[in-house]
Structures are given as structure tokens and as C-alpha cells.
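Consider the two complexes below, in which chain A is the common component and chain B and chain C are the respective partners.
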Partner chain A sequence: MPKDSGIGASPKRREDVRFLTGAGKYTDDINIYGQTYVHFLRADVAHATINSIDTSAAAAMPGVVQIFTGADFEAVGGIPCGWQVTDRFGEPMQEPRHPVIAHGTIRHVGEIVAAVVGETLAQARDAAEAIVLDLTEKPAVVDMKAAAADGSTKVHDDLTSNICYDWGFVEENRDAVDQAIKDAAHVTTLELVNNRLVANPMEPRVAVGEYSRSDDMHTLHTTSQNPHVIRLLMGAFVLGIPEHKLRVVAPDVGGGFGTKIFHYAEEAFCTFAAKAVNRPVKWTSTRSEAFMSDAHGRDHVTKIELAMDADNNFTAVRTETYANMGAYLSTFASSVPTWLHGTLMAGNYKTPLIYVNVKAMFTNTVPVDAYRGAGRPEATFQLERVIDKAARERGVDPIALRRQNFVTEFPYATPVAVEYDTGDYEATMAKLEEIADIGGFAARRAESEKNGKLRGLGVNCYIEACGIAPSNLVGQLGARAGLYDAATVRVNATGSISVMVGAHSHGQGHETSFPQVISEMIGIPEDQIDIVHGDTSKIPFGMGTYGSRSLAVCGSAMVRAAEKVINKAKKIAAHLLEASDADIELKDGQFSVAGTDKSVAWGDVTLAAYVPHNYPLEDIEPGLEETAFYDPANFTYPAGAYACEVEVDPDTGKVTIERFSAADDFGNVINPMIVSGQVHGGIAQGVGQALLENCAYDEDGQLISASYMDYAMPRADDLPFYSVDHSCQTPCTHNPLGVKGCGEAGAIGSPPSVVNAVIDALQSGGKNVTHIDMPMSPSRVWEAMNNA
Partner chain B sequence: MASVSMTVNGREVSGDVEGRTLLSSFLRDDLRLTGTHVGCDTSQCGACVVHVNGAAVKACTMFAVEADGAEVATIEGEANADGSLSVIQQAFQDHHGLQCGFCTPGMVMSAAALLKENPTPTEAEIREYLEGNICRCTGYHNIVKAIMAASGQDVAAIAAE
Partner chain C sequence: MYAFDIERPSTIADAVTALQGEDAQALGGGQTLIPTLKQRLAAPSKLVSLSGIGEMQGVCVGDDGAVCIGGATTHATVSREAAAHYPGLAALASHIGDPAVRNRGTIGGSLANNDPAACYPAAALASGATIVTNNREIAADDYFQGMFSTALDEGEVITEVRFPVPQAANYQKFLQPASRFALVGVFVAKYADGVRVAVTGASENGVFRWAEAEAALSADFSASTLDGLNMDADGMIADLHGSSAYRAHLVKVNTKRAVDAAS
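Up next, the complex of A and B:
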């Protein structure tokens, strides 16, 4: 019988009540007495020298409080990058200054050129129109391969080229991989594009800066997945505000998907300007601004080669990727195509030799950084596409080819520097065959054909590295931060509990799932436990929510803190029960002495901790509150197998998703309902990438998909009901809950199966189409069919 | 500036607005009814859906002065009189039809309008009706399921929680 509380149950989400009644508190719902509004004048050209900015007419407009330009930010730091990558020659990446406001040069459409602070937003906007810019336009660098060529216009004149780094991994294997490919019985080659995307959380970014003269305290309310990271980056590197004088609050946040990890210029501006004008300063992004200022995602151009022996065993993989950085390095930009991508290139397979080359390019486009999956979808896509192509070239079943090459023994050290602790890829594939009814596909195809449609089945596997990350390891790899997390378990006198966690919940349901863990450990009802997050003044510290890390890392810190609390409570209970600590057991909220009927309730022990009249004061302090920091020993490795069935209309090229199935292994699962929901949403984003979404620039660097009129977001009628399963569970071996993380899997695992399905459909119709780049719009599919 | 008066969630309200003030701004900024969200500038996302004289309207696409004299209903008025969740709200919670919650007010208001005109919509009818409401979190699976459940349909056979 399913549990109704604790680990493995699916209680209804408590946060839903406020969201369903309009009582959510998002950043744009915050209004502070005396606040002003900022409107940013943004570049409408991709690359230009700023000769002059005349703000005099604008400054005289009604309601203008102050106008800022790049000159006002000369004395503050640039926006930092959090990861230094070392190239294949041992040199550090090229790292240009990233100004809060453009100074001297514009490098992408949407870059802030001036900021008008006004009494009302309308007045600030009106005044911005009166600012006179004198610009000399320069050629825009847009195409990555052209950007790499000798003699290309440079995005940054002070750098030696547009190449941020040329990374090789594992560089020592380069020659051996070349040789293995030369010696192979068969090599399958595929060139593909991983299309540029925009994360598009439904809540646009917002920042409200405040400054208190009475205590020299800065407060920033912002739409962030990691308020402590923002405090650290903005305080230490940009504005020079010591951390104890800077509070960052991220209240309810309307989705993140990676794009709200990063520290943005608008946050630094509002914090800086609030002190300068001595009033709160508020910025609310429009959706069009979001398209040209939120960090974009993906945008890789890749050639991959898969070598096999005569028996179709994989012998080597070699890839060459151009990865777009945009005009500046966003917070984690440099790590995405390298350590989050190259290390996953083994996939679920025991390929012995792998070499990954990545050239990260500066272009006159919006910075590119992590978007749901971040590097891992790019790795999965190319690997699972080339395997599908290889199966067709060799005339073997694509599932059988995968099975033949699965890693089957764990732990498994890949040739790309990571060690998978657990997994069972055969189990998830078998589960997929069951839930996707792959046996029934032939009949469904025949039915589609009767209706004049082509039907295709696409399958793929995926693996990802989550639970980011062991600090000592990532430090060696260039991370400029530790990647642990922290939690404080505060037990109140009457026994209720507040848990202050570093992870931020912006859709993941932590306020419901984290109490399930504490409830399981202590045996008190979940409604006695509250989660506090999103405010640097309330929580001990936290690296935040990204990389499917919240439960695996912050949840582990919470467990460790709760264990400390329980240990101390047992000592108090032992005193009250006149027994030895070692004999005390805690079950269902009761402490008892083993082998006796003597017991004391949780609430009596917690009360004793705060009213210590009968208390072992000589041995332990009063109070019941503990903090733990948890630094993971390894990444976690969720994995699974996905299947997509499509129908293609041969007359129009329109692709319809008929069925989508996902069999995942997330290790132990705390709340199955929430986990399924995470997978559903990830699948929709992956299908969106495969069929609909494309962030497009023209050759002048003009962003031509800057609204929902031009950027095709997946809608309800683009998608079917999904079939998801996470009953295959190989628990993580190195964290206390045995959990792996589930937030990104859907987005990582779904794009290849959609493309594989479309290729399968077209080939079933006699079309010799071996690849179509995403998004597979009707015109692209139709063109591919008719050129085949 | 123009004076406007309307009934919002059964309460008489009035205010002075500029001609360009959108209904969404009037609700959010003047009345502090911040449950109505603004997620785009092109009338695409549907986070701002409210009911005006009983019809679902994107509040970012209507001037406040156009709603002068109208009956407006927002998410803040959707719960039952005793404060308990309405059937639709409860179905969204029961079936995990929301994650970050930002699109949710618009989704609920659209769902309410749909069920008024079509009390037992099919899956396809729901998906088509929600064409003007974008959700980035749920992949729509549980939203569609919740609306079917709210209309009294048996959703037990639909996969997963």
C-alpha cells in the first residue's frame, strides 16, 4: 500500500495553495515605498563603437531622477565568470571584461547602453527615447566557424582572437583515438547543430535594489536560483560590498531552468543605483528584453565520429565542437561545453577511447550559458544520433546495438574522467520496451500508413552527471567556487521545525518534499516542518539550485544536520529517561529505551532543550539547532531510456508526437508525483527543442526571434500525454538518501529520440534522409524529404 | 488621466488611470491584486487571463478604461466563499498541475472559462483551448489531466501522477 507521508509518498504540494489563489509573492509583486523605476536603453545593433552618448535632453524630461552610462561604472568591477578553463596547450582561457553598462563598444543586440531612473516606468521610457547615441557600426561576428578564421573581425580588440579556448579532452588520448578511428572496421560520421535556445521561464527577470543609510545595508530582491551566489559574485567582484552589508532575497521565482543562476548586469545596476539615488530602484524585464538579455542556451556545431569493430563494438569516439559563448562570458558559460559536456561523452557505453575537442567562440550575440541539462543534452544528442545512424549503416537494430555496448559493471571508470557509481541500463531499456509498447509499434505504423501518414519510432539512452559537485575536484578543473550546500535544522521549543536550506525552490516543490525526509527521520507530521529558502539573511549559506543538485547535495546537508539534532535530542532523552545515550531509539516521534517500555515524546525533549530545568547542562548546551555543510564525494549519475513515436505528414512535413515514454533511474525517489512532473516538463522542453524552438540571428547579428510571436514555445496542443516510469532504482552509493536528481533528465533525454523517430518515419517512406537539424519544422522536414 | 470604476471580485473599485494603462497594470499596481501575472508583451503567454463580464480576457491586451463599468474576476476571487479551493483549483493541486506557479492564475482562469462553455471537454478540446496559455514547467500533462478531473472525468487511466 502506498505511503501517505514520508519518503516515497506523494503528498499534495503545500506551496500550491498560495500559487492557486494568487497569493504567491514573486519579485515583481514587491513594491517599496519611494521606489523608482529603471528603463534600460539597449543596443539595437550588434557591434559598434560608441563615439558619444548625449543624455542632456533626456535628463530634462519630466520625472527623470538620474541617467547612468558606462562611464558611471568604470570604477566598479566587471561581471565575473565563475570557471576558468585551461586550453589544450595549458593556457588559461581568454577572459574579456564584461561591463555592467557598455563603455566604448557595443558587442551584442540588447547590451545595456544607458539606464534611465525615473519616478515612473513610463517617464523613464519616454526619457530614454531622447538619449542621442553617436555610433560607428562595425561588422558583426555571428557565424562561429567564420569567427575562428584568421583575419575575422574581433569581438574584443584586446584579445588575440575570437577563440575563448581550444579545449582537448582527454588530450593524452588524442593520438590513440586517431589511431583507433584509422583502424576501425566501420566509422559513422555525423555533422549536426545543437540549436540555440532561450530558457524562457514564464516569469521574466526582476530586480529591486534598496539601500539603507542608517546601517549601510544593501538589499537586492531578485529572481534568482541561488541568492548566496549572487551575493558573493556581486558583492566581492562587481560592487565591492562586503557580504555582511549585502542581503539578497529571491522570493517565489517563476521558473529558472538555468537562466536564473547567473549574475546579471541589471542586478548590479539596481543595487548600485539604489545607493546613488538613495531610493529603491526597480527593474522588471519585458519578454522582449528577456530574449536579448537572459543568457541563451546550447548553440553547438559538432562533428562526431563513432568507430566500431567488425562485430559492432564501439572502439572510439571523436568529436569536434564549436560552442558559442556570445559576446561575454556569463557566470558558468565556460564550464558548459567542457566539464559538463566532454565528461559525459561515454554515455551509457563502454567505448574505451574518447577524444573531445571544443572551440569556444566569442560572437556578437547574447552570452550563452547553462540551460536545463547544460552540456549534457549536447553530449547525449550527438552520441545518440550517431549511434542511430551507425545502426542504420550497419543494418542492425538500434536498441540491440545500444544493448551490446552498454556498461554493465559498476563502478565504471569512463575514459573521460568520471566514475559511474551505480546504474542498470538494461533494466531501464527493458522497462522502456514495456511502457512504450515497442512490440505494438508495427501495428501502429500500419494504421498510420492506412491514414496516409509516415510513422517512426526513435529510441535513445542518456546519462547525466548531477549532484554538482565535489569541490576539490571542480577546483582542480577551474571552478572558482565550492559546490557544497548547507542546511540548518532549527527545532522550536514545542517541537515544530524550520529547516533553512541553501537550495532554492522555483517549481521543484522543495517545500513539500524536503519535509518528507525530516518527517521520515523523526516521525513527526510533515505539517510540523517548514522549509525556509531564498534569503541570505535567513539561511546559513547555499550554492543554490541547478544541475539537479538540490536533494542530492542540499538534501544531504539537511539529513546531516537532522542527524546531529537527533543525536543531541537522544542525549536529552537519555537524561530524562535516566538511561544511557546508546540505548535510546527514536521512532514515530517517541524516544524509548531499548528493551523497555520507558519513553518520552519528541515534544517533551524539545521543550526540555529550551526550558532546561531538568537538563544535563554540564554535558550539553541548551537549544536544539544544528547546521551541516555537505560536499559530495562524487557526481550522481541518473540514466534512462526514452522512446518517441511520431507521425509525419508526407504532404506538409508536419511532425506530430503520438507517444512519448521515459524510463528513468533516479536512484531513490522521495516524492514520485513531483519526480514525474519534473520529467514531464523536461520532455516538453526537449520536444520543444527538437520541433519548435530556435533562437535566430541574421548575419548582421540582429536577433530575429525576440518575442513569443517569433520564438515557438511548446503549447498544450503540440504535446501528448506522456508515459513515465522511475521504478528502476539503483541508489546512489555516496549520499545519505541514495538519490541522484531528476530535474534535467527529461530535457537531456528527449531530443535525440524525436529526431531518431522522424528519420525512422522518413526512411519507412523510402526517403533516404539520414539527418535533419533541429528544430524539425515542417519546412525543414518537407525539404529533406523532397531533396532525398 | 481618466477615472474608471469597475467591480473586481464582487467589490466596487475605482481609480484614476492614464489612457495607456493596461487592465493588468491597474489590477496589479493600483489594486495590488498581484495574482494576475504578466509574462510577455505580445498577448501570447496567457499568465494575465482574467474574466471581464464573464469572458476570458488577456488583461495585458485591454486598457483599464475599456473595463470601465465591467465585472472583472481575477484569481484572487476564484476560491470558494469559505476560502477553500474551488473545484478547478483543487484539481490542479490534486493532479500536480502546477510547478513554479507563475502561469497558474491564467491557466485556472482559462480552465474556468472553458468549463463554463464546455462542461466535459475532451483532451483534444482542452489542449486546443489552452493554445493561448503557455506553461514552461509541467509539459501540460498534469494541467490537461487536472481540467479533465475538474470536469468530473475519470483520469485514473492516464499515466503517472
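Up next, the complex of A and C:
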């Protein structure tokens, strides 16, 4: 019988009551007495010299409090990048200044050129229209390969070129990989695009800056996945505000998907301006602003070669990727195509030799950074596509080819620097074959053909490295911060518990799943436990939520803190029961003396901690509150196998997804319902990337998919009912819960199977199509069929 | 938005008077105009809302059998009230936008705007509808004059649209993946005196009739009749969502499907 509470149960998400009944409290719901509003005047050209900005007419308009331009931010720092990548020649990456407001040069459409703070938003907006810009337009740098060519216009005149870095990994393997490819019995080559995406969280970004003269305290309310990271980056690098004078609050956040990790200019502006005008300053992004100011995702152009011996064993992989950084380096931009991508190029396979080359390019486009999966979807996509192409070229079954090359023994040290602690790729593949009913595909294809449709089956595996990350390792790789997490377990006098966590919940359901863990450990009901997050003044510290790290890293910190609490509580119980600490057992909220019927309830022990009349004061302090920091020993490595079945309408090129199945190994699972939901959402975004979403620029650097009229989001009727399974569980070997992380898997694992399925469908119809770039819109599929 | 005044007259006569002011703009359901205002892409001094005019609401059947729809009737109302009289038209109305759009957007607003990817222009043109305004009646063939361009004069209000009811009709819409407007929409209507085929979404000149298909289908109302015909890609829209050749191809595919569904 399934459990109804604790680890492995699926209680409904308690936070959904407020989200679904309109009681959520989001940043835009915060309104402070005396608040002003900022309207940002944003560039409508991609690249230009700013000759002058005349704000005099605007400043005289009604309701204008103050107008800011780049000159006002000369004395403060630029928006920092959190990861320094070293190129293959041993040189640090090129790192241009990223100003809060453009100063001297405009480098992308949407960049802030001036900011008008007004009594009302309408007044600020009216005044912004009266600002006179004198610009000299320059050619826009958009295409990455053209940007890399000698003589290209430079995005940053003070850099030597548009190449941020030319990275080789593992550089020492370069010659050996070249040789292995030369010696191979067969080499499959594929050139592909990993399309640029806009994250599009339901809630757009918002920032409210506040300054208190009485105690020189700055407060920023912001839509962030990681308030402590924002405090660190903005306080230390941009505005020079020490931590104790800067509070960052991220209340309910309506989805992040990565794009709310980063520190943005608007946050620094509102914090800075609140002091300058001595009033709160609020900014709420419009959807149009979100398209041109939220960091975009993906945008890689890759050539991958897979070498095999005569028996179809993989012998080497070589890749060359151009990765778009946009105009400036966003917070984690430099790490995405390198350490979050190159390290995953082994996939689920025992390929002995791998070399990854990445050229990160500056272009006159919005900065590009992590988006659900971040680097790992790009790695998975190219590898799983080239394997599929190789299977077709060799005339072997794509599942059999994968199986033949699976890593089967763990731990497994890949040739790309990471060590998989545990996994069972055969088990997830076998589970996939079962839940996807792969044996029944032929009959379903025949049925589709009767209806004039082409049916295809696509399969892929994936592995990801999440639970980011061991600090000592990432420090060696260029990270400028540690990536541990922290939790405080505060037991109240009557036994209820508040857990202050560094992880931030913006859709992940932490408020439900984290109490399940504490409830399991102590044996008190989940409704006695609350999670507190999202406020640097309330939580001990924390690096936030991204990289499927919340449970694996912060959850581990919470377990460690709870263990400390339990150990102390056992001492108190031992005192009350006049027994030895070592004999005390905690079960179902009762402390008992082993082998006796003597016991004392959890609530009596906690009350004693706060009312210590009968208490071992000489041995232990009163109170019951403990904090732990947890730094993981390794990444975690969720893995799985996905299958997609599509129908293609040969008359129109329209692809419909008929079935989608996902067999994942997430290690131990706390709340299966929430895990399924995370996989569902990830698949929706993966299918969105594969079929619909396309962030497109024209050659002048104008964003031509700048609204939902042209940027296609996946909708419910684009998706089938999924079949998902996470019963294959090889627990993580190095964290206390044995958990791996599930937030990104769906987005990482789904795009290749969709493309593989479409190619399978077209080939079944006699069309010699070997690749179609995403998104596989009807027109692209039709063009591919016509050109075949 | 910029500031504007708004009037909500209750008669056509009052609306026409109100629209005589400088920079006055009629407001139907606001499904195009309100987003345009929010983007600050239009700055009318006065909006004249047509939604309170009772005589412009609802669906009825005229003495000649035509379905008459008040200019301020929403898509949702058309989909319900026209279903018994002109099911092909009601079906089209039931697939415009989403429920919020259908409960606000109006037939008069759609036809006055004449978006090149809107659905109603295809129905009106294929049905040989009559666009009735406050001072005249305009045949659909004379009404549509290119993308966002119509025969309406400044301040003229569509009060009613009269659709002769065909023997058979069907509308096939192939969705633009993002906006879900028609990437190409084809309305086929079969009347006693011939077949009319109107295409929306495809042409740089807005909605148009496909004369060759009409001739072929008038002689033989079957999809296979169209096999030998091809739409010329010249003048078709090309954008992120499809080339002109793709749109031309979809015109034929949708026309055949509409014929199959109608017959």
C-alpha cells in the first residue's frame, strides 16, 4: 500500500492552494509607500555609437523624479560574470565590461539606454518618449561564424576579436582523437543547430528597490531563483554594498527555468536608484521587454563526428561548436557551453576518446545563458542525433547500437573529466521498451499509413550532471563562487519546525517535498513543518535553485541539520528518561529507551529545550536549532531513456506527437507525483524546442520573434499524455538521501527523440532526409521532404 | 497607452455622430485595437465603443434566406446562433482565437480591420456576403482592397453582414504555429450558381478568390478536380513561418480538404 506521508508518498502540493486561488505573493504584489516607477528606454537598434542623449525636455515633463543614463553608472561596477573559462592556449576568456546602462555604445536591441523614474509608470513612459538620442548606427554582428572571421565588425572595440574563448576539452586528447577518427572503420558526421530559445516564465521579471536612511539598509525585492547569489554579485561587484547592509528578497516566483538565476541590470538599477531618489523604485517587465532582456538559452551551431570500429563500437567523438554569448557575458554564460556541456559528451557510452572544441562568440544579440538543462541538452542532442544517424548509415537498430556501447560498470571515469558514481542504463532502456510498447510500433505505423500519415519512432538516452556542485572542483574549473548549500532547522517550543533553506522554490514544490523528508526523519506530521526560503534576512545562506540541485545539495544540508537536531534532542530525552543517550531511539515522534516501555514525546522534549526547568544545562545549551552547510562530493548523474512517436502529415509537413515515454533513473524519489510533474514540464519544453520555439534575429540584429505572435510556445494540445516511469532507481552514492535531481531531465532528454522520430517517419515514407534543424515547423519539414 | 476619451453610444446614429470627431476611432471587441494601444502604436483622441448598440447585435435570417449578423456580434455568439442556419460559418467562428478572443471579438471589427490572416474575410468573400454600413451596402467582392485595407470610409460603421447560405461549405485553417492565426485558410462555398473559393493568410494583398479553382469546382465539385491546378507562389507572403512556395502549396491542400469536408 502506498505511503500517505514521508519519503515516497505523494501528498498534493501545499503551495498550490495559494497559487491556484490567487493568494500567491509575487514581487509585483509588493507595493511600498512612496514608491516610484521606472521605465527603461531600450535600444531599438542592435549596434550603434551613442553620440549624445538629451534628457532636458523629458526631465521637465510632469511626474518625472529623475532620469538616469550610462554616465550615472560610470563609478559603479559592471554586471559580473561568475565563471572564468581558460581557453585552450591557457589564456583567460575575454571579459568585456557589462554596464548597467549602455554608455557610449549600444550592443543589442533591448539594451537599456536611459531610465526614467516617475511618480507613475505612464508619466515615466511619456517622458522617455521625449528623450532625444543621437546615434550612429554600426553594422550588426549576428551570424557566429561571420563574427569569428578576420575583419568582422567587433561587438566590443576594446577586445581583440569577437571570440570570447576558444576552448578545447580535453586539450591533451586532441591529437589522439584526430588519429582515432582517421583510423576509424566508419565515421558519421552531422552538422546541426541547437536553436536559440526564450525561457518565457509565466511571471515576467520584477524588481523593487528600497533604501532606508535610518539604518543605511538597502532592500531589493526581485524575481530570483537565488537571492543570496544576487546579494553577492550586486553587493560585491556592482554597487559596493556590504552584505549586512543589503537584503535581497525573492518571494513567490512564477517560474524561472534558469533565466531568473542571473543578476540583471534592472536589479542593480532599482537598488541604486532607490538611494539616489530616496524613494522605493519599482520595475515590472512587460512581456515585450522580457523577450529582449531576459537571458536567452541554447544557440549552438555544432559539427559532431562519431567514429566506430568495424563492429560498431564507438572509438572517438570530436565536436566543434560555436556558442552564442550575445553582447555581454551573463552570470553563468561562459560555463554553459564548456563545463556543463563538454563534460557530458560521453553520454551513456564508453567512448574512450573525446575532444570538444567550443568557440564562444560575442554578437549583437541579447546575452545567452543557462536555460533548463544548460549545456547538457546541447550535449545530449548532438550525441543522440549522431548515434541515430550512425545506426541508419550502418543499417543497425538504433537501440541495439546504444546498448552495445553502454557504460555498464560503475563508478565510471569518462574521458571528459567526470566520474559517474552509479547508474543502470540497461534497466532504463528495458523499462522504456516496456512503457513505450516498442514492440507494438509496427502495428501502429501500419494504422497511420492507412490514414495517409507517416509514423516514426525515435529513441534516445541521456545522462546529465546535476546537483551542482562540488566547490573545490568547480573552483579549479573557474567558478568564482562555491556551490554548496545551507539549511537551518528551527524547532519551536511546541515541536513544530521551520526549516530555512537556501534553495528557492519557484514551481518545484519544495514546500511540500522538503517537509516529507523531515517528517520521515522525526515522525511528526508534515503539517507541523514549514519551509522558509527566498529572503537573505531569514535564511542562513544558500546558492539557490538551478541545475537540479535543490534536494541533492540543499536537501542534504537540511538532513545534516536535522540530524544535529535529533542528536541534541536525544540527549534531552535521555535526561528526561534518566537513560543513556546511546539507548535513545526516535520513532514516530516518540523518544524511547531501547528495550523498555519508557518513552517521551517529541513535543515534550522540544518544550524542555525552551523551558529548561528540568534540563542538563551543564552539558547542553537550551533551544533546539541547528544549521548545516553541505558541499557535495560529486555531481549526481540522473540518466534515462526516452521514446517519441510522431505522425507526419506528408501533405503539409505538420508533425504531431502521438506518444511520448520517459524512463528515468533519479535515484531515490521523495514525492513521485512532483517528480512526474517535473518530467512532464521538462518534456513540454523539450518538445517546444524540437517543434515550435524559435528565437530568430534578422541580419540587422532585430529580434523578429519578439512576441507570442511569432514565438511559438508549446500548448496543451501540442502534447500527448505522457507515459513516465521512475521506478529504476540506482541511488546516488554520495549524498545522504541517495537522490539525483529531476528538474531538467525532461528538457534534456526529449528533443533528440522527437527529431529522431521525425527522421524515422520521413525515411519510412521514402524521403531521404537525414536531418532537420529544430524547430521542426511544418514548413521546415515540408521543405526537407521536397528537397529529398 | 496614451490617454483617450471613450464614448459608448447605444444607437448607430449616435455612434456615427461620435465618430465624426477628429482622430476618433471605432472600437469593436478590441482584440486588435487594444493591444495596439497598449503598445502605443496608435493614439486616437477618442474611442467610440460599438458594443452597447443593441441594433448591431445578434444573428437572424432575412426574408431572402440570408444569415444576417449584427456588426457588433461576437464570434462566440455567431458560433452558437448561426450553427443551425450556416454551419460552415459557425464552425469558422468557433475556431477563431481562444475563448477570451471569441467572447470579445466581433465580426464587424474583424472585417473592418481586414487582417491578412483573419478568418472572417475568407467567409465573407467566399459567401459573396454583403457588408452593410450605416450608409450603404458593399458587396464583398468590392469590399476587400488589400492587407488592412477596405472600402470603408472614415467614420463608416459596419452595422450588419449578410451571408447568402450555400448548399455546402467548409473552412480549412492551417495554423501559424505561434499566433494560431491562419497561416493559410481556405473557405469553399458551393452555391446553385457556382462555387466560390476564398483564401486568407497567404497573399500579400490579403484575402482573395482563387478563380481557377472556382471554375474547376463549379464544373465538378470534387477534390480530385484540383489535382492539375497549382497556386502561383508569386505574391504569397514569406516569413519565419513559411515560404511563399509553402503557402501556395497549402492553398491547394486546404482547398482540397475543404471540398472533401464540404461534400
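Just so we're on the same page, the second predicted complex is superposed on the first by the 788 of 788 C-alpha atoms of A that agree within 3 Å, B and C clash if a C-alpha of one lies under 4 Å from a C-alpha of the other, contacts with A are read in each partner's own complex, and residues count from 1 in each chain.
Here, contacts are C-beta pairs under 8 Å (C-beta built on N, C-alpha and C of every residue); 3 or more make two chains touch, one makes a residue touch a chain.
Given the structure is predicted, the values throughout are model-derived calculations rather than measurements.
Peer 1: Is it chain B or chain C that touches the larger share of residues in chain A?
Peer 2: B
Peer 1: Kindly classify A:Ala712 by the partners it touches after superposition: chain B alone (first), chain C alone (second), both, or neither?
Peer 2: second
Peer 1: Counting only touches as set out at the top, which of chain B and chain C does A:Asp252 meet: first, second, both, neither?
Peer 2: A:Asp252 sits against chain B, while chain C stays out of touch.
Peer 1: Check the residue A:Leu692 against both partner chains and state whether it touches chain B (first), chain C (second), both, or neither.
Peer 2: second
Peer 1: Does the superposition put A:Val724 against chain B (first), chain C (second), both, or neither?
Peer 2: A:Val724: touches chain B, not chain C.
Peer 1: Which partner does A:Asp651 contact after superposing on A: first (chain B), second (chain C), both, neither?
Peer 2: second
Peer 1: Is A:Ser537 touching anything from chain B or chain C once the two structures are fitted on A? First, second, both or neither.
Peer 2: In the superposed model, A:Ser537 contacts neither chain B nor chain C.
Peer 1: For A:Gln508, select first, second, both or neither according to whether it touches chain B, chain C, the two together, or no partner.
Peer 2: first
Peer 1: Please indicate which partner A:Ala23 is in contact with in the superposed arrangement: first for chain B, second for chain C, both, or neither.
Peer 2: first
Peer 1: By the touch definition above, which chain A residues appear in both interfaces, chain B in one complex and chain C in the other?
Peer 2: 122, 288, 708-709, 713
Peer 1: List the residues on chain C that touch chain A in their complex, please.
Peer 2: It comes out as residues 1, 39-40, 174, 177-179, 183, 240-243, 246, 249-250, 253.
Peer 1: Quick one: in the complex, what on chain A touches chain C?
Peer 2: 122, 125, 288, 651-654, 691-692, 694, 696, 704-705, 708-713, 777-779, 782-783
Peer 1: Can you check the complex and tell me which residues of chain A touch chain B?
Peer 2: So the residues of chain A in touch with chain B come to 10, 12-13, 15-24, 26, 28-29, 31, 122, 200-204, 252-255, 257, 286-288, 506-509, 672-674, 676-677, 680-685, 707-709, 713-717, 719, 721-725, 746.
Peer 1: Please name which positions on chain B make contact with chain A in the complex.
Peer 2: 18, 20, 28-29, 33-42, 44-45, 47, 74-76, 78-79, 85, 89, 92-94, 96, 98-105, 108, 123-124, 126-128, 130-131, 133-145, 158-161
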